[in-house]
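Got some structures for you, see below.
Two complexes, one shared chain (chain A), two partners (chain B, chain C).
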Partner chain A sequence: MGRALSFRERLAWSSFGGHFVVFFGYFSVIAQNGTDGGNVTAALLALIGLGVLALAMRFAGRLEAPRTQKLPDEREQLIDLKAARVAGAITACGATGIIMLLLYGYTGVFAANVMLGVLVLAQIGADIARIAHFKLGV
Partner chain B sequence: MAIENEIRRLRFENGEMTQAQLAERIGMTRQTVIAIEQNKYAPSLEAAFKIADAFGVPLEDVFRWSKS
Partner chain C sequence: MSFREKSAWIAFVAYGVVFGGYFFTLWRGWDERYAQGLSIGLMVGAVVMLVIITASLTIAATLLTPKAANAPADERERLIDLKAERIASYTLSVGVVCLIGALLMGWNGILVANLLLAAMVTSEIVKALAQIAHFRAGV
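Let's turn to the complex of A and B:
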């Protein structure tokens, strides 16, 4: 039987898409220009602007939540917990990798960008886990 | 999943109650009711009692443990 997406499943998809588009743009500028130069400043400003816009859209989305879905039910809470576990694992691996980078003499700016990338990856990983659990069951 | 349920049958025996109506009664989303019905999610004991209460039957008439 086909089914419409739940409010929180739609949120997970929009979060996944938003993060992917915003940070793919940012990291492609970084990859092309390195971590210095005017393009990077512009990319950073665009990143901050888009981040604020994404937060505003998320807040607006929550206000628009159907009356019965203002709070997540027990299945949605379980899915959130499992997604957070995925995000935690990615962040832990990334933090270890960053320590290794710093030990091997990479610059702080480079490490900061890798950290940002790890956080984004963790968020995207959590979104994918959330979507998978919504589709396949908990 | 080892827990099976009779929710679908009970819905139809209770005036063709829709999934949305059941969801509203037990305070969950329709998608969660669908997941429970399809054995993709095993509800908490509290939710199981709420579902049984919505149909006015004992818990064992809604859920059963299958060893297979």
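Let's turn to the complex of A and C:
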């Protein structure tokens, strides 16, 4: 018999699913353009979409939480910190790669899309870390 | 002062000195025609300098307090590390978002590469400062 998911674990699953569905579609289309990088407006809209999704998850965490889980407990705070570490490591590795891309003359729009991809990967990595920590019982 | 607080000070000083020098030299010698070669050359030099300075200062700190250097991090130190890393992660993410905007507005790629490096250095300095602040505040 499986245990019931806590509110914040469900939120991590929602965030993971949301980011995966939205940006898998976007990057599948962008990948067809190769290193040309695609459209500036589309990249800008994707960036705004990422911001909106992040804000929506944050507000959902504040507004939709059950009365007993309004504030994260000590364990959930620790899981959040560990997930942020994973996101930070992915962002730092990605940023190093993007510096190389830019120094070797790749187009700005391509690099912008790779940067966006790094941010999305960092968010997905953090969600996976959160889910794994919840499952493992950190 | 604990060994990990010393390590945070070492990171703060090393990043400040090396990349302060890097960005000052780049600013003085900036010319769009040679920016690519200048950036790559300076970046390699800065990374080598960073490794040398950090390793030297860490070895010196270890020799002064060998017992503390070999002790595993306690729960408080691990929590301080995690909190500092979260602040650094947010700092870098804000920098990356701003620079995506700059690239989409057509800014020079080499300039953005250097600004991205500046964002990474800033996040490391912020991390070291956050660690020091948490150690001082007694988290």
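Following the convention adopted for this analysis, the second predicted complex is superposed on the first by the 108 of 138 C-alpha atoms of A that agree within 3 Å, B and C clash if a C-alpha of one lies under 4 Å from a C-alpha of the other, contacts with A are read in each partner's own complex, and residues count from 1 in each chain.
FYI, contacts are C-beta pairs under 8 Å (C-beta built on N, C-alpha and C of every residue); 3 or more make two chains touch, one makes a residue touch a chain.
Note that the structure is a prediction, hence the values are computed from the model and not measured.
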Handout entry: Touched partner set for A:Leu136, first chain B, second chain C, both or neither
Key = first
Exercise for the section: Please name the chain, chain B or chain C, that touches the greater number of residues in chain A. Expected result: C
Practice task
Applying the touch criterion given at the start, work out whether A:Asp127 contacts chain B, chain C, both or neither, answering first, second, both or neither.
Solution key: neither
Problem - Partner chain in contact with A:Glu74 - chain B first, chain C second, else both or neither - result: first
Exercise for the section: Would you please give the residues of chain A that touch chain B in one complex and also touch chain C in the other complex? Expected result: none
Fill in the blank from the handout: chain B partner, complex, touching residues on chain A are 1, 3-9, 68-69, 73-76, 134, 136-138
Completion exercise
Listed in rising order, the residues of chain B that touch chain A in the complex are 23-24, 27-32, 34-35, 38, 40-41, 43-44, 47
Completion exercise
In their shared complex, chain C is touched by residues of chain A numbered 40, 43-44, 47, 51, 78, 80-82, 84-85, 87-88, 91-92, 95-96, 98-99, 102-103, 105-109, 111-112, 115-116, 118-119, 122
Handout entry: Residues on chain C engaged by chain A in the complex (per definition of touch)
Key = 36, 39-40, 43, 79, 82-83, 85-86, 88-90, 92-93, 96-97, 99-101, 103-104, 106-107, 109-110, 112-113, 116-117, 119-120, 123
